[in-house]
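Following this message is one structure expressed as structure tokens.
Think of it as A, B, C and D in the order they're written, each chain with its own count starting at 1.
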């Protein structure tokens, strides 16, 4: 039992890293909390669902479409609102409220467009047989989701640490003003980062029917909160710290589900509050953000 | 200081406008109605949307049906009156629903008040109806605590109270000698919580031992890990009580896990067959057990309104799809209202209730025998049998297993 | 210092509060849907509660509904377990909300968006505790509360009128008192406020508790009024969202802003809500985005631009 | 402890992580006296002000104000006792009016309407009394910051880089203003980069380096001290 729980926790941990990493990237670059993060994940889930029901596309093959659609959406969103917000008197709070409004709009449009039925992609798309890993049997979809998540995190690493764009992105994360003064096009870098952040959420969305249960338009805010808990546990503003947060959360969740299932739902919220109060810089971070 | 009068004027204007806004909707009821007004609510979004819309569709179907025949006969006026249905959207929110029930009673002055689907959206209507002395036609709100000795303003039309749902299921389990270990997994809400309680009580002292008994949040959408725990308890039968979303997630995860149990029972495949079939597939449903309801279950002893075949045919013509159970439940509410209006000497709400008590137990519709507890108004006639999905040549069929008078065959046990 | 306007018996803004409260005393006699009026009063009170915290101190409590829900449960359990009369039970609800606020006071150390999300998380934790099946013997768990015996539509309506008057009273006091000014100073620059002599921790905790007490009272009164409810319906995030948006829309840190915001938007909600509700959330979202981009200080700032003082 | 010393700071230390910002700093300051605090960037001047005013708590060392230990008191308690300060980047309450900015502190110090009026006059803010603080230019905001500190009736005023960004005429008036304040009996601790400005105010300075005092005495002597010259040129 414990081996099963731990391995399941690992798979879910990788998946939750993917769910949250986009939120952390956006926070790192723009210092704003994307309250619509979970709603973009929901849209990604509906896109994968639509591709599956319309053309029988396996969620794995939906990934390129997700990336193109959401990178473009992110860039458009950035230029539409962010420069205006950053020049206002209280950009942190105002952007928070604005993104909250955006989250409401997305949710409403999703209800209007898709209705409120709960939807699922049959787990049989990855083959009807469960997969055995280290002697434990898991649904094939869990293993596929875990592998895709690990690959996506690796891609984020390569983007940030092995590309020129990533170098510029990290410079903007360190200091927006200094990056601008060294000639980096801060707006372009940030817009792409927002696009990448949303695309990561959307890819996570494509696998949410297998990991988080059925897809519904109002799932966004819950996922945003869970993601926030994950990145706070890891380290705010440090995208790779998200992996640690995801693993801690995934393992914690599976242990709770196994041994105290009726209390498992409140885990992300309790973790979030405890970490914010006791170690506000996360398990890895240094930054202090007390009032 | 010179701006103070300006602001005071502004506030005055807001006050006048709001009085005008609210006042304009206040329409007084005519003394001699030209129509019978039936008020109800539905949800087009939120957790109850699917069920609620089906139920409304059934009621609307009944309204169209009686209006085509020149309206419903109202004994109190000695003639037929057309029916007007006023339906507001509460979006599955109890707060909105409370306001809207109130709107129906106080502003629209409806003659008949029918509740929205399910216990949650019905719950807020119960005190409001009692307060305004309106008889609440509770369609599918089966929560046991709605039905009390001191409240005559409620009657449950289309489902039995949830506490008595598992009677047949418990008795069926007791007749199955091979089933010694059962696992019970239920969502913690009135509806399934009370069923779990009944099942637990009824199995006590029998040869069937509950080796796993666990409640989960109604919002649970992943059962994979729970199933793992269930498997560890090595049950012969797994009973899962939940709302449609729970049943879908449960069956979905059961299939993905590749686990096999000798018997699996869920509630909603028997009520929302088309939805469940679409969501989890025939393969998953094959050989599982459920409470079959019309149209899966056919009651032949119909003495009021259409039989199932006629209903299915007409409904298909009108709506372009096969009816599900909640369509029938909504339609059945219409039939009960119709019978009430036909027999009540006055339109006064307690007179309505008295006439319902008078025909209770003698009304047989396509939904079974309508019979209420005379004191509380709870439904006790329409019992829920146990059936099993058997793969046929083209599609799944339902084999009725229990009670014996409805049985059409023996269970396939263990499930292959 | 003449914080209190001369020439009339009430401080600035007092007359407007009296007017709105009087309106809700009179309206039931001409308009029958008392639930609509009740809900409107409830949101007016909650919007003012948000105003006390967010408007005056700048802390945005997404989880404000946590106090509402604990007030609802506190009051209900006082009726069910302690057999208190409903009016006393409302006070118990408020006390429970205040105790919860005291417990959560360390959250005030967090700034801006962190506080907003942490307070949301806190309200979820309270929700999961209250609705946990293991606590069924105490809270009825997920099965909800039924106060059928205590149900009294008119008395609970009257109680909400009193809660509304209290909420207005608190804001009128803050608008006209040194405490209100000190709170706004904390919102603007906490360190400077300290050097101005303000005990920042004490004053903002005071606002936090006041705000929680208002939500607790409103929640308890709501519980009494509906008398049958489920945990989900009194811990519904939408309650926070509505109250926050109404407040923002009208203009924070004023008395009239939240009043006008609630009357207009909640009126709109019930107007569209009865005919085409699916578009309301959309309108709501668009209103929020437009506000942030074009009118971050709400409708009240329009008046201020033409140099009209908004009480 | 000499009875004339209003502020006595002894062996104050403060570190941030591995960085030792203050390393055993000691100071004395009497009522009506103006003491300049100079040193290169990162020498601990602003940290000294932050620790004395209560923004940070010292790791070690004592602060006595008027004979009473104040090192453990929160900021507002020190403000009530008569310790106040201005900020390098002024921090007025931007959403409030200029006069409201002063009313807040006035309640605690007991200053009345006329005192607020006089203070506004004194700092040339009277015509702006009804304006939102956010609409003030930076020189005006600096004066508002000073006014906010003065209305609290301080006996010790910590002044952090007031001269930066002011034009020569404004500098001249600001020096006058500070001397008027000191002559009313307020002790001033002035952190300043602009030595010409400081020279107008006082002759006594403390030169800091790496969190320590390396020189105390007249400014002119300091300018000839080899150690001081070394750190200013070498640093």
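Note that in this section a residue touches a chain if its C-beta (ideal position, glycine included) is under 8 Å from a C-beta of that chain, and two chains touch if they have at least 3 such contacts.
All figures in this text were calculated on a predicted structure; none of them were measured in a lab.
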item	value
Minimum number of chain-to-chain touching steps separating chain A from chain D	2
Chain closest to the middle [Cα centroid of all protein chains]	C
Farthest chain (mean CA position) relative to chain A	D
Centre-of-Cα separation between chain C and chain B, whole angstrom	35
Approximate Å spacing (C-alpha centroids) for the pair chain A, chain C	32
Distance from the mean Cα position of chain D to that of chain C, given in whole angstrom	42
Centre-to-centre distance between chain D and chain B (centres being mean Cα positions), rounded to whole Å	74
Two or more partner chains touched - positions in chain C	133, 278
Contacts with two or more other chains, residues of chain D listed in rising order	94
Shared-contact residues (touching 2 or more other chains) in chain B	44-45, 215, 217
Contact graph of the chains (line, ring, star, complete, other)	other
Every chain pair in contact, whichever chains are involved	A-B, A-C, B-C, C-D
Chain C to chain B touching residues, read off their complex	15-16, 19-20, 23, 27, 30-37, 39, 131, 133, 141-144, 146, 148, 151, 153, 226-230, 233, 236, 238-239, 256, 260, 263, 267, 270, 273-274, 277-278, 308-311
Footprint of chain C on chain D - complex, ascending	53-55, 74-76, 79-80, 84-85, 87, 91-96, 100-101, 103-109, 112-113, 145, 148-149, 152
Complex contact set, residues of chain C against chain D	1, 178, 181-182, 184-185, 187-189, 191-201
Chain B to chain C touching residues, read off their complex	3, 6-8, 11-12, 14-15, 18-19, 21-23, 25-26, 44-45, 88-89, 91, 93-96, 98-103, 106-107, 120, 123-124, 126-128, 130-131, 145, 148, 151, 188-190, 193, 215, 217-218
In the complex with chain A, residue positions of chain C that touch it	58, 60, 106-118, 120-122, 124-125, 128-129, 132-134, 190, 237, 241, 248, 278-282, 284-289, 291-293, 296
